[in-house]
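Chain nomenclature is as follows: A, B and C, assigned in order of appearance, with residue numbering initiated at 1 for each chain independently.
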């Protein structure tokens, strides 16, 4: 197996701007970014709330969520599949084998990461800010907006971790998306498919493109957070 | 479940804002979901057929390719409108159980026995698949089995039966069930220089051949019949009856049959249209 | 009706605090009338910071009460006592944004720009607060407290982390605030500071209020054995 062939394949894909390839990249990014956005909308407030509140069973919830960070994508995929199947409880939505199903599955995968990392970050910040905020008459849940805002750069790292997990996984999107050509075929499912077709240079080429994209997004986010941090202290 | 609703609604909105999700959507917005086998996708047949069908009818066909057993399950659950697979007995049972409306024969392709050029079982060039399998078993030559309930897997099991070998009983380290698709099985055979039963189409499209080549082909027992069924709307009312039926009707029409016959790789036909052949 | 409503005097009545069954403070009683600077002194662990936190309402006493002249120390719904901590808590924002945040969440009456100007922070307004020097941070913390129009300002070791130059600046600000009519209750371990600033001294030892005296007489003639040996520099048990 020729690595040079893989790299030239990768360059051909990128420079050739093949519309089919761009479609696959676009779909992958859109699904993953939508999932991360949804996970952020749900997970940031939930994680922050978990950080500042005390209730019986809280430790159990924390252990549970930390454990769910290791949820195997295939299991998440299977659960969403069973929920969304026409024979399942949410079958009437009719979204199995659509990008929406992929977004739901990936949101499920990313959510525990976002909640757990948010809780950790916010809890640390909360320890530092608690008395000052209480002195200003801000306590508990009312402190969440302040804490989320001040933790934004650390939280961005958590979202990046979520993005990394979602963009790299193949198990869940394959099961709930069905790897339908031109419709639910993402970079990772294409890589799996091309591998099964024995077209290893193309598969590896796509892998290189995926890695490059991941590096690019991480780099941009890192740079933005560094610059932001300099201005926020 | 409120958050779920909101999340879903949001996801749907984001997707509406990004219409490029389907890269070649039918302008009419009409589509059907077909559950089919990996061989039809991996061989490139659908890439050839579907644009022709879509141009004629405006119906987009979304293909989910799985092993035959799984593809039939997908139909049973109502997650597809049409099932297009190759395992005659299972297909007939699918219809008999009321999950499908009617099975129609579409085409056949053939299986080939693939093996390393070194040919440790000494069967290269033969035409008798049964004799070849007996030799593989006798010499304990490495054999890769799909082991995934697929059509190809059940065809392989039938061939062992025809060779009067009880594979459950005699299988040992030489017989590896990998539980994966055709491509994965070929990749493994290529890496480990083993024998493997493959459909011809996937083999012709397969690029990572290494030391592999066809060792046995042309036996009538290697022919592999494909059938197509509409998922029963009486069981699953959301099934797109008209559009699904249109696809089935087109596949067995002279025009569809010609399109199937026209699909060639390197001058070789991969599938042989036989909708009109009685008893297929 | 008074001209300017005030939450003072503060009456601290048999205030006690326990944690895990161990008494950490009290019972302590004293009055805090309007005006002037009062210093709480005493060795580490005497309960000085605890007393401030109880008065400010950050902790709930095990027994006893903190009685403001106006219920809860509120006027028109706003808390009119503020606190500055030993290590100033700086939000991860600019100096101005730190003030704006406090103004926003409390609905404070004074203007952020006046606070910046009054505490010599205008030129630092856009700088990240956490990157300011110790003295600048303490000034920002004081400005942030001033913003809330407090009748009473609680200060926990306001200059313990600072060099003499910065300490002098902070002390000047405290004297100015007192002159403006703010009542200051501060802890300090620095006798010199208590002597320079305070009109009255509360001497705390092992959770008990051992002496409550006029500053001049306390330093000249401490009445108790504990205060005498503390001022002499002995370690107290």
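In the analysis below, a contact is a pair of C-beta atoms (placed from the backbone, for glycine too) under 8 Å apart; a residue touches a chain by one contact, two chains touch by 3 or more.
Given the structure is predicted, the values throughout are model-derived calculations rather than measurements.
Of all chains shown, the one whose average CA position lies nearest the global CA mean is A. Using the mean of the Cα atoms as each chain's centre, the chain most removed from subunit C is B. Look at where the CA atoms of subunit A average out and do the same for subunit B: the two points lie 33 Å apart. One simple way to say how far apart two chains are is to compare their mean CA positions; for subunit B and subunit C this gives 79 Å.
Averaging C-alpha coordinates per chain places the centre of subunit A 47 Å away from that of subunit C.
If you check the complex, the residues on subunit B that touch subunit A are 3, 7-8, 10-12, 14-15, 18, 20-24, 33, 38, 41-42, 46-47, 62-65, 76-79, 180-184, 186-187, 190, 202, 205-209, 236, 238. On the subunit C side of its complex with subunit A, the touching residues are 53, 56, 58, 79, 82-83, 85, 89-94, 101-102, 105-106, 127-131, 148.
Within the complex, the subunit A residues that touch subunit C are 128-129, 131-138, 146, 150-151, 230-233. Note for the complex: subunit A touches subunit B at residues 1, 19-20, 23, 26-27, 30, 34, 37-38, 41-42, 85-88, 91, 93-97, 99-100, 103-104, 107, 178-184, 193, 195-200.
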